[in-house]
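The structures come next, written out as structure tokens.
Next come two complexes, and both contain chain A; in the first it sits with chain B, in the second with chain C.
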Partner chain A sequence: MTSFFAILIDGAIYASWLFLVAAGLTIIYGVMRVLNMAHGSFYAIGAYSAASLVGWYFSGEHGNPYWSFLLLIGCALVSGAIVGVIIEKGLLRFLHGRDEILMVIVTYALLLILEDATKLIWGVDPYFAYQPYRLLGQTAVGGSLRFANYDLVLIAVSILVGLAAWFVLNRTNKGRLLRAVIHDREIAIAMGVNVNAMFAATFAIGSVLGALAGALTAPAISVTPGIGVEVIVLAFAVVVVGGLGSIGGAAAGAILVGLSRSFAVHVAPEFELFVIYGVMFLVLAIRPQGLFGQTLARRI
Partner chain B sequence: MQASPQFSRPSFRLSAIAAALALAGAVSTSALAADNGKYRIGIVTFLSGAAAGPFGVPAANAAKLAVEALNAGKLPAPYGKKGINGIEIETVIIDEAGGATKQTEEFRNLVQRQKVDAVIGYISSGDCIAIAPAVEELGVPTIFFDCGTSKVFETVKNPKFLFRTGLDAVVDNVAAARYIAETRPNVKSVASIQQNYAWGQDSWNDFILAFKQIKPEVKVVSEQWPKLGQGQYGAEISAISVSTPDLIHSSFWGGDMEALMLQGGARGLFDKSVAVLTAGETGVEHFKANVPNGTVIGGRGPFGAFAPKNALNDWFRPAFTAQFKEPPTYPAYKMVQAILGLKAAAEKTAKAGAMPTAENIVQGLAGLSFEAPSGTVIMSRSKGHQAVQSVSFGEYQFDAKSGKASVAKVKTYAGECLMPPDGSNAADWIKAGFPGAKCN
Partner chain C sequence: MSLRNCFSSPTEPALLLAAAVFAAGAWLMPAWLAFLLTLALAKALVVLGVVIQMRAGLVSFGQALFFCIGGYGVGLAAQYLGIGDAFALLALGTVAAILLALACGWLLTRYREIFYAMLTLALSMVLYGVLVKSSALGSTDGFNVVPPSFLGWVPEGDARKRTMYLLTVLVAAVVAIGFHRFMVSSLGRVTEAVRENEIRVDFLGISPQGVLFVNYVAAAGVSALGGGLTALASGHIDPDMAIWTTSGEFVFIAILGGTGHVAAPFIGAIVFSVIRTFAIQEAPHFWQMTLGVILLALILFLPKGLWSLVARDRKREVEA
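Then we have the complex of A and B:
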């Protein structure tokens, strides 16, 4: 019974982390049709800036330790928005409407450049921001099984992010305009929608979400070079399973992958590596467009 | 229809010509540099990727420090003579990232284009196995300073130019098994969490083979195989928690090791189970209070926090700490060890003040006994090409008041206690009950 609860809770925690990582990627693709390889770099920049700021905060008497949670979120907002706006305004705006494959190559180049940039800024030594991870204590779930409350809070945070994205897209005027752009960019332009501004805002929101995932993960890991490259592969697996460009799909993909992996770790750990891509293979074999993806007629 | 991007042909041609000229320039510079009267050493270590921070960069820093000190003649005896045999040393530092195929090409470049006199390098076992045959083919003295695979001298059975001045991974795990059996006699169950690649799999196989040989009643209650660089170990920690082991063995290194200890510690994983980290020494300066006191750590030899007190260590540790703001960990010690081995070999056989030849190095290093900051190194295995050294294990201790970490209850096992006789297979030797092992 303990193992059953462990599988469920571990699956939920991992799914929430996957969703946080994948949400920004799928939003950017949904609106801009840019499969953004540099999303891993936003994650890394969020993690590094959070680790630097929280490390500084705890290095002296800077006030209540619980303020460090606001620092995590704050630095994700600032670093993600700055990097996102610079990249969109400085590079991607000149490439709007180009072939999707070209955008993959461009953003892959960006990933490599940003990877080196983080090394130039932060070096190769590990950074730590572990204090917030321990601050919330732990919860026992029968026997010797305990969970860090920080991880449980992450589940709530990812639900909030998902609900916020749904609310903005479905219940606000800006969201309706965004859906119009997603549905048909050319008609939206003809109707007077400022698509360039929409793209800039979307890219900034996506990069903030990537940075937020990194910042919220930083307290649980050692922030080292290469973390961005590691997550991008997982994020792609999740959005492909769910259907590219769909927030609901990213959530469903994250839950499916999270629970499957958790089940494998507890029941057959030797299949842990295989299971994520096994799920992806099965879903794509049955629904090539992903769980929530729409089959689109090819434009000529 | 969308416009497809096009490269401007003239500018592409211009770039290609510029690149070719730059490359030709670099090659001719290096060819000239090889004849400049300096002894040229190729240093290969990770400068990018996950292994750069914990291993590659400390090793590269150690190489720079040691070469500068040697060229200035500032090292303690017996290394007071400037450079190598009085000849100034210069280094060519190469990034080990990119995989075995790329590294084999880079090795050939070092030898054939950069005209190095010797190569010291390689952290990845895969790189070592791939490069070993090329070393013998190209005939340049090459020292593997860190990689732990036991298959190096199975790949090259009659080495002439290939040497390894560090230990293989089998001895780490035999030492870990002995340490746990002696200090934790009540251990009845063990769980494993390893990075799922050759290093992790070999480490676990060696450890459990040796541990079961010493304590046959021990049961394995969980084996976890997360991906290298995974970073998130929530489910693995849960699976180990519910299996309630007495001991958790891990060969994790770098950021993965620190993340595992951080996440496991916050969830009370180590409250009832003791962890043994065979590569834990590289994390001593970072663990702080996140790793419980009593966690068993190894340093892949008598390196880093386990290094003995001697004149060379009295120079190396403070000098490295002063220059790089952090004490040297085991990769740094192993790099200096390899450089000093090369110097000792050259000065044993080359005519005083003469440029050492490949033959000088080969004849001098085979079977050599030389001093290093980690103590005496004896090249006595694999026909004098593989080092034998002691291995230490101890318990991590963190003092919250001073904020300083140390290693306590250290036990050091002689190489003769941990290594099979020359020419025999390590697994067979362990299964046979360590025949001929000379332990204290």
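Then we have the complex of A and C:
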């Protein structure tokens, strides 16, 4: 029974992290049809900027330690928005409407460039920002199990992010316009929607979400080069399982992948990585459009 | 009967000439250069697999799967089956990859565009996930490959490097000529038609899926051959052979060389190795950035790769 709870809670923690990472990716794909490999770099940039800033904050007397949480989020907003806008305005703008597979390769090039750019800015030494993680302490569940409260808060944050995305898309005017663009770009243009502005805004939001995932993860890990490359394939697995471009799909994918991984970790640890990609392969093989994706008619 | 009629096109004598020049180089160039070229040519074979899929409009982000199968096939057969002969080892690795491709091909050829890219990526990461966690095979460290014998002869030191190099040149030449014939055959040309308009191909009475299946299996075989040669030449294999960034490198080289000709991946792989050797010496922290910038520049300004420069010159000669 204890291990059942452990699997469940570990799975929920991992799933909420996966959802945070994948949300930005799936939003960008849904609107722009760009499967953004550079999303891993946004994650890395968010993590690095948060780790260095939080490290600075705790290195001296800078007031209440609880402000560091705001610092994490602020970092993500600023760094994600800057990088996102530069990339959209500087490069992707010229490539709108190109082949989806070509965009994968373009963003792969961006990933390579940003990987070295982060090394240039932050060096190759690891960064630690464990203070916010320690600050919240631990909770004992059912006697022998202990979970870091930070991880439990992360579950709430990722539910909040999901709800916010749902609310914006379904209950605001901008969101309705966005859904129109997702549904049919050409008709949306004909109806007078400023699609280019929509794209820029979407890309910025997506990159902020990527950076936010990185910033919120930074206290729980050591921030080292290569975390972006690691994360991006996990995010791919999640969005592909759920169905590319769907927020609900990303949530379902995150839960499925998160639970199966934590099951594997507790029951057969040697299958930890295998399970993630095994699920991805299985879903693609049976339902290529993902669990929540819509079937598209072939255009001739 | 002239010599001309022996070959179906001027490409084949040119390839043979290039192979002869490369082989002659074995006695002229220093051992380290021979080693570098061995790895480059082996990589070119894997890239050739990516290229023939690209000609059919499919980008594989998981070709490292077969690269790794070829490498591990060679390593495992040498370790556990006690096979020492390089030719037998290469054949085993290739056969293993072809069997796997026959099993997966029927599924994969139903996918297009990013779904194909994602599914191939997932498959290679499945293998990576298994290898990383299997301590019997050395987990993330991999293991060393026993030095092979060549038809009973076991060279040592520099002689082994030279022999390995000659073997790679030989294999590359045979594969290049074989794939050139495949690419100009009607089956090879239909793959391009599938890229242009699959439904028309269907209406012409040819099964696009069947064409893609043959293409996929051929790509798997040649990539495994490249993996096997890499394992024999470098004497070491590890799970990173299957990770997706390795596949990304193959896609990069494929775009660098272009898809216009069987020689393109070889040119791409050699140029890539030269750039890398210098870039890692001069500015190790800019290496990936250099790659990214080159890749963007290629997509924007030279979408058909380095081969289009060669082809353009040739066209000019014809016009003049």
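We take it that the second predicted complex is superposed on the first by the 298 of 300 C-alpha atoms of A that agree within 3 Å, B and C clash if a C-alpha of one lies under 4 Å from a C-alpha of the other, contacts with A are read in each partner's own complex, and residues count from 1 in each chain.
Rule of thumb we're sticking to: contacts are C-beta pairs under 8 Å (C-beta built on N, C-alpha and C of every residue); 3 or more make two chains touch, one makes a residue touch a chain.
Predicted, not measured: the structure shown is a model, and the values here were computed from it.
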TODO: Using the overlay on chain A, decide if chain B and chain C clash or can fit next to each other.
DONE: clash
Open item on the list: Taking the superposition on A as described, I'd like to know which of chain B and chain C A:Val240 touches: first, second, both or neither.
Closed with: second
- [ ] Tell me which partner A:Ser222 touches in the superposition: chain B (first), chain C (second), both or neither.
- [x] first
Open item on the list: Looking at A:Val78, would you say it contacts chain B, chain C, both, or neither? Reply first, second, both or neither.
Closed with: neither
Task: Which superposed partner A:Lys119 touches (first chain B, second chain C, both, neither) - done: both
Open item on the list: Is A:Pro288 touching anything from chain B or chain C once the two structures are fitted on A? First, second, both or neither.
Closed with: second
TODO: Once the structures are superposed on A, label A:Trp17 by its partner contacts, choosing first (chain B), second (chain C), both or neither.
DONE: first
Open item on the list: If we overlay the two complexes on their shared chain A, which of chain B and chain C does A:Leu273 touch? Say first, second, both or neither.
Closed with: both
TODO: Could you look at A:Ala109 and tell me whether it touches chain B, chain C, both or neither (first, second, both, neither)?
DONE: second
TODO: After superposing on chain A, check 132-140, 186-194 or 312-320 and name the one in chain C that bumps into chain B.
DONE: 132-140
TODO: Once the two structures are superposed, pull the chain A residues common to the chain B and chain C interfaces.
DONE: 99, 102, 119, 124, 269-270, 272-273
TODO: Under the touch definition given earlier, write down the residues of chain A that touch chain B in their complex.
DONE: 2-3, 6-7, 9-11, 13-14, 17, 97-99, 102, 119, 124-126, 128, 130, 133-134, 138, 143-148, 150-151, 217, 220-227, 230, 261-262, 265-266, 269-270, 272-273
TODO: Report the residues of chain A in contact with chain C in the complex, numbered from low to high.
DONE: 35, 91, 99-102, 104-106, 108-117, 119-120, 124, 229, 233, 236-237, 240, 244, 269-278, 280-281, 284-285, 288, 298, 300
- [ ] Using the touch definition up top, name the residues of chain C that touch chain A in the complex.
- [x] 59, 61, 107, 110-111, 113-115, 117-119, 121-123, 125-126, 128-130, 132-134, 199, 244-245, 248, 251, 255, 285-289, 291-293, 295-296, 299
Open item on the list: Quick check on the complex: what are the chain B residues that touch chain A?
Closed with: 2-5, 48-50, 52-54, 56-57, 196, 222-227, 229-232, 234-236, 238-239, 241-242, 244, 254-256, 258-259, 262-263, 265-268, 272, 286, 288, 290, 326
